[in-house]
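Quick one: the structure is below, and I'll ask about it shortly.
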Amino acid sequence: MSMLVTRRERFSAGHRLYNPAFSEAENARIFGKCSNPTGHGHNYVLEVTVEGSLEPATGYVIDLSKLSELIRERIIDDVDHRNLNQDVDWLQGQNPTTEVLASAFWDRLEAHLPSGRLHSLRLGETDKNWAERRRDGN
Amino acid sequence: MSMLVTRRERFSAGHRLYNPAFSEAENARIFGKCSNPTGHGHNYVLEVTVEGSLEPATGYVIDLSKLSELIRERIIDDVDHRNLNQDVDWLQGQNPTTEVLASAFWDRLEAHLPSGRLHSLRLGETDKNWAERRRDGN
Amino acid sequence: MSMLVTRRERFSAGHRLYNPAFSEAENARIFGKCSNPTGHGHNYVLEVTVEGSLEPATGYVIDLSKLSELIRERIIDDVDHRNLNQDVDWLQGQNPTTEVLASAFWDRLEAHLPSGRLHSLRLGETDKNWAERRRDGN
Amino acid sequence: MSMLVTRRERFSAGHRLYNPAFSEAENARIFGKCSNPTGHGHNYVLEVTVEGSLEPATGYVIDLSKLSELIRERIIDDVDHRNLNQDVDWLQGQNPTTEVLASAFWDRLEAHLPSGRLHSLRLGETDKNWAERRRDGN
Amino acid sequence: MSMLVTRRERFSAGHRLYNPAFSEAENARIFGKCSNPTGHGHNYVLEVTVEGSLEPATGYVIDLSKLSELIRERIIDDVDHRNLNQDVDWLQGQNPTTEVLASAFWDRLEAHLPSGRLHSLRLGETDKNWAERRRDGN
Amino acid sequence: MSMLVTRRERFSAGHRLYNPAFSEAENARIFGKCSNPTGHGHNYVLEVTVEGSLEPATGYVIDLSKLSELIRERIIDDVDHRNLNQDVDWLQGQNPTTEVLASAFWDRLEAHLPSGRLHSLRLGETDKNWAERRRDGN
């Protein structure tokens, strides 16, 4: 039996899609309105999925309130109501696309799970646009 | 080609997270407010996914109205507006976490599908907390 | 100009529709499955709307994070993950229908608003069933 | 008979709550994390409601695709993927709270409706926080 | 105290916006893609709001399961999975815009409520387009 | 690392479930109300998921605005506000179930992706009924 649990969290942040290796004109051409210099932002939805076996004494794969705390400490506290291009140490030098953020969030969590292992991490920047990093082979 | 169909159903139920092998204090420590002795409840969302081949004459993997009836007969009629700790024969002696419920619901359905085979069963107790049982290898 | 602001909160609770002045059979006839003796529960959605003038220095009718704290202190902390028939002092002796809860929640908030005045309070027990108390004349 | 029609639109923007008449410390105290200097942002939901009589030949109060175009020309094109503190002429000098934005958006639309009259305009910056301007007496 | 309760229902139907007094070209110009001759359809959301006093013995303004049955008998059974231009006696000769449908649905319900009185009826044909009929003075 | 991105689009269409090889009575028995001869319709939700590597210069697996344009050109422009039994060349002779549509939509997109490869395509005809085609082995 394969068992997964998911915790969904939300945060709001500002960003601008921008690669300093490109000229302003290239950034505008490639990233369009997402590269507007003064920035914009989103209400992000973050879904973290952990796989593992059902622990018989608790009936849990992982205590989702503990997973929520971990997501808060390792991710949300750093990004909520922040500018993702400027304010977050562990995002420095990265272009904050949904894919890049999902990948960076994975790296913030993977080694810190108290039980189970990270199966997938899904991030939505709007209802229309989502990125997901999955463990290889899933 | 791999083809999946999903039926989403909803029900409301009461429960309390509680393991009788633990003391009241241990239950309170481990399950927190979810172990409040008088119980609480949720509007559950249940998503049942069946995989199979597309039957050429109907264009169906499985008739979703028949799948809905099956879910109703085997699960919803027993749990809707019920107390999951006390009222459901086939949950007796189990701690009704989302994971445990998802696993028990799978066992109620798997052998009864008229066509296709069960691929995954996902249960949400709130918008934030989800559990999913998948067939091994999926 | 008429200005309204709304804060939406969520909580989960257990309840049973039941009037002790009715026989068990009458309760079952009138309230149907909602009167199941062992109780069930819901994920409630609570929307509190305050009307007032736009304070020029802040651009606020009321600081919604302060309104959220007030709702938490006066309502959510008492009802979340509780049994609404048994656990809440200020609901004692009341039948916890959505209408009765919306009215009681109004009474818990009205005199405590730091600015503006209560315009309406809306409570959903499922996506399908809602009750709203409004100020007379609204 | 009173007839209302509503068009819902969405946009994403950046902002910072900030009153230049306050010190940085006062801004931080009053607006909290919403006043973070580098800015953040939201996926806004905008609901514009028009009241009027049902035009017999069309069955419309107002053609909602025309209302959508008007909202786009007068509001969305100026604010989508923009910084609301810096990029929008008609918001200059205003603190972009949800209330202030709802009020400013009303002023951008009211005189331009081809039929009916503006009844209410509702803006959500998250699922939890909403502001609404209504015509006096509604 | 003013008390409202709302029941939300859903149905799917087909329609075409079309006024036989107009030429095909006029219909195409006025109603655009909504006038495509072969028809299209929507998943409609219907919200019926009843106002009344809280009946002390039940805690109900109106039993929402009874309101649901009434909506089903008077509206949903006639329109669900039907063509709104052709299949519904009480819509004959009307152009099925959201406004026209909301108004016709009101007329199907108003005289039949067992308690309370109809306050408003809101219909959405998509997440973006809504119409609402309200009692005069509301 | 496995990376997926998803674009969600919406369209409204009419259809009737019908196999001309069946008699009218058989169609009615097999497809129920979905086979009503005058047709009905839905607001469809389409989710297209592409897998690929994260392109370092852009931080994209695929530019989701380009994926959106592709979905529009290859699918939405042909099906939105259309009758799926009659109006779409590439659906001729097929019974427009959710499964059949999801499979046909896959075939419209797969060879046309500018980068990445199609991982899965999910289509909802209502909130309750979904079909998904996945690449073999996923």
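Labels for the chains are A, B, C, D, E and F, by order of writing; each one numbers its residues from 1.
By our rule, a contact is a pair of C-beta atoms (placed from the backbone, for glycine too) under 8 Å apart; a residue touches a chain by one contact, two chains touch by 3 or more.
Here the structure is a predicted model, which means the values were calculated and not measured.
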Problem - Duplicate of the A-F contact set - from B-C, C-D or E-F, the pair where over half of the pairs recur - result: C-D
Fill in the blank from the handout: Distance between the CA centroids of chain A and chain C (whole Å) is 34
Practice task
Would you kindly tell me how far, in whole Å, the mean C-alpha position of chain E lies from that of chain D?
Solution key: 28
Problem - Per-residue overlap in chain A, given as positions that touch at least 2 other chains - result: 127
Exercise for the section: Sort out which chains touch which and give me every pair. Expected result: A-B, A-D, A-F, B-C, B-F, C-D, C-E, D-E, E-F
Handout entry: Interfacial residue positions of chain C with respect to chain B in the complex
Key = 10, 12-15, 33-34, 36, 38-43, 80-83, 86-87, 126-127
Problem - In the complex, chain E residues that touch chain C - result: 1-9, 54, 57-61, 63-65, 68
Handout entry: List of chain B residues in touch with chain A within their complex
Key = 17, 19, 21-22, 30-32, 94-100, 102-103, 127-138
